[in-house]
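Next come two complexes, and both contain chain A; in the first it sits with chain B, in the second with chain C.
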Partner chain A sequence: MSETSFQVSVGEAFTAEDVAEAAEKPTEQVARYALRLGDDALILAQQLGWWVARAPELEEDVALTNIALDQLGHARAFLSYAGLAWGKTEDDLAYFRGESEFVNAQLFEQPNGDFAQTIARQFVASHFQFELYRQLQGSANATLAAIAAKALKEVDYHRDHADQWMLRLSLGTDESRRRMLRGLEVIWPFVEELFRDDELTDSLKGVAAAPSSLLEGFEKSTAAVFARCEIEIPAGFVARGGGRLGQHTEFLGHLLAEMQVLAREHPGATW
Partner chain B sequence: MSSPGGGEHETWPLWEVFVRASRGLSHLHAGSLHAPDAEMALRNARDLYTRRNEGVSIWVVPSSEITTSDPDEKDAFFESPKGKRYRHAGYYTEAEGVKHL
Partner chain C sequence: MAREETESGAIDQDALARFDEIIAADERIEPTDWMPEAYRKTLIRQISQHGHSEIIGMQPEGNWITRAPSLKRKAILMAKVQDEAGHGLYLYSAAQTLGITRDKMTEDLITGKAKYSSIFNYHTPSWADMGSIGWLVDGAAICNQVPLCRASYGPYGRAMVRICKEESFHQRQGFEILLHLSRGTKEQHEMAQESVNRWYAPALMMFGPPDADSPNSAQSMAWKIKRFSNDDLRQRFVDMIVPQSEVLGLTLPDPAIKWNEKRGHYDFGELDWDEFYEVLKGRGPANSIRLERRRKAHEDGAWVREAAAAYAARESEQAMAS
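And then the complex of A and B:
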């Protein structure tokens, strides 16, 4: 293949650097909200990165890693923006906060499990984030709206990726279906927390996307996939939640230890 | 590997990928990949061959559906046009009075 056969360009996009340089300092409330969305994306990116050389096929390594990098991009934008309120960089927030200072929903820290469990988590995460960013792109806060508008297109693809695998695993072999159902059983208790309003989201009307307002769209789009998968919508046990308050399941501490060790052992390290 | 999907009989089939860089150009062969079916092949192609903004359209074709010319019959297939200059427009002289050539 000759080098001139493709026109290659980086293209224009809204980046974390744009946010750090151009955005106005957010209020305390907006910053706390941006931190939640950034933590969701950051923790999911870290979990997905584990798959980089472990997916069922090389092609799937690349697919999951692309998704991880998209999530990391969203995290960088949200954390950069939140950090403006407190004079902190995205790295300060990612590497030098303790477990109880992370405000991601507990869904995102749930372990990869097998491939089916990862797909179950992706299915919930991407359908939730799609509804979230679709609403947030109309936010009265221009920076949140711009980050959401860019993220929406990427999350739309993540949603499609998860749907495709849900279908294939559910309708594939007895073993793949068993694993898909098991994955959903593990993940579904963490769905409810995503749609809880609280004092912070109530105080940001027109700026934040009220979590409870996203539920209808989520239920509709996931129900359509469940029907095609010939799976009943999971019900039953609901996890206690509390991720938005810094209360986490046993998995986040281990994840953070691995994610933060390099930055903490070698402050200011670059390569 | 002894894990499910690792056996030779279980590997995903091979697909050939064609990418069109922009409107007005043809699809060009970009490479190949493994995928369980056509829809996933398209998505894998998007992830593998358009990561750097290379394309606006993708085709995928099962590699097994492509019929290729036989390398051993190269002479019979490709030698014949050599020396047949009359197959090129430049062989002919321009006739007087013919406009717009």
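And then the complex of A and C:
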């Protein structure tokens, strides 16, 4: 494949199939990094998919499914790209890895809980991903930059959706405020892990977005929403983390069992 | 046509004559036009039932979103179920132009007062059911719905144009799922055949009872809400799916299917209408489950809707004050 065969400008439709067909094979390090971002998005998509036909309003069924679809699209692009390094497809990676091989941050595998807990998780996830993709669109790696540029526009909407619900639930009724605060209490311990640098991200300067460098933007944009919600920035427990090393909370196993069951019943089959 | 009375009790012959003229000329009745009460009620019943069917119809397919066997299939399925929520929204909006509220329609649905398509009272235990629903159920829906794009009531006809475009994509993706399974491993082929065996007859029943037993059909056809009879549409559907089943390499579970040269149509066997009426009366495999899921979503979401309403009230108060 020639070096010029893969050119994607910002805003062009950019799919997992494009990546699988046209991207250059990534280095082992880049693939491991792409796998992290792909797993974050995949696990979040899987969680949000549960809400279909369970949301509080029809409009919310549409919105949550839309967000799930966007996340699934990002996951497919990142996993397809990572897979090129190991001769694996997106489906090999999604369906035939065990729990300890998943490298998503633990935030994404936290349960849906009630609608407020889902919104708390969305709030953190979308503000994090917004900062991440904003930086990653300037990556020296053209494929990561192109995926990030497309994802950024979509995640901007996810962020707005989460902010709008944060406001409504925080300032709506006593009951909604009580639930919103409880949702944040459950989710916030998993924020810290998102911003930890490690050996892998240190080795990809100019290619990966250093997690620690995203914290300032995240704190600034979330603090503005908390102020409007008349909520103190949550403090309290900090979970130990380890998702990036394949260490997970007790929820991921259930999620994977469900996600992978049919594919694993028919190894070698295509769908 | 029955004589209609205005609110004052006087018979508004002029308005009725105008209505009849519009229908006769194949033009559209719009929300602001006068219409007979029975026409309005028939449309409210039909459009809201159609909307409910889309909403309940999200469940049997939603059942496989978390387990779809490839990421591409997962994405397609999510998009499809999302389309159904969208269809439910357009249809509810079209019904609202006739004077019913969304709250009332929701209440009618979750209290079991309103009907929806019986097809969604069947379970989806197999992945291949995602194929059968697309190919057979959406296929039958298209046969039913394409003529509705010309329905005499404007907002309904226009909603159906968009819905039909999306449904035809849904049907193709269902066919493609089955084709892939049928040509896949032995287990996948069997999975596809088993599923088609279960969905064939219920899909044919989606066109409603035989014409002789269909009480509302004649009036709806006179009003040009409905354009073809149940049996005509059913025949059209059978004529479409028999050759498609051959391409799929799957059989349809009716030994009576046979090309009839004289009629220019496929003959097919009698359907078990007792089962149809059983499911209609609420004794289908999943009636209570579908309704309970809708009820639970509605009840669990009450605090969210209350919060949104309280927030909106607070915002508008603040806007007034400033």
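Basically, the second predicted complex is superposed on the first by the 254 of 271 C-alpha atoms of A that agree within 3 Å, B and C clash if a C-alpha of one lies under 4 Å from a C-alpha of the other, contacts with A are read in each partner's own complex, and residues count from 1 in each chain.
Going forward, a contact is a pair of C-beta atoms (placed from the backbone, for glycine too) under 8 Å apart; a residue touches a chain by one contact, two chains touch by 3 or more.
Not measured: the values here are computed from a predicted model.
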| item | value |
| --- | --- |
| Contacts of A:Glu175 with chain B and chain C, given as first, second, both or neither | both |
| Touching partner for A:Val238 - first (chain B), second (chain C), both, neither | neither |
| Partner chain(s) touched by A:His161 [first = chain B, second = chain C, both, neither] | first |
| First (chain B), second (chain C), both or neither touched by A:Leu58 | both |
| First (chain B), second (chain C), both or neither touched by A:Ala22 | neither |
| First, second, both or neither for A:Ala142, with chain B first and chain C second | neither |
| Contacts of A:Ala223 with chain B and chain C, given as first, second, both or neither | neither |
| Greater chain A contact set [chain C / chain B] | C |
| Partner chain(s) touched by A:Leu72 [first = chain B, second = chain C, both, neither] | second |
| Chain C-contacting residues of chain A that also contact chain B | 56-60, 62, 66, 168, 175 |
| Interface residues, chain A side, partner chain C - complex | 16, 42, 45-46, 49-50, 52-62, 65-66, 68-69, 72-73, 75-76, 79, 90-91, 94-95, 114-115, 167-169, 171-173, 175-176, 179, 258-259, 261-263, 266, 268-271 |
| Of all residues in chain A, those that touch chain B in their complex | 1, 5-11, 56-60, 62-63, 66, 160-161, 164, 168, 175 |
| Complex contact set, residues of chain C against chain A | 55, 58-59, 62, 65-75, 78-79, 81-82, 85-86, 88-89, 92, 127, 177, 180-181, 184-185, 187-188, 293-294, 296-297, 300-311, 314 |
| Chain B residues within the chain A interface of the complex | 4-5, 12, 19, 21-22, 28-31, 33-37, 39-40, 43-44, 47-48, 51-55 |
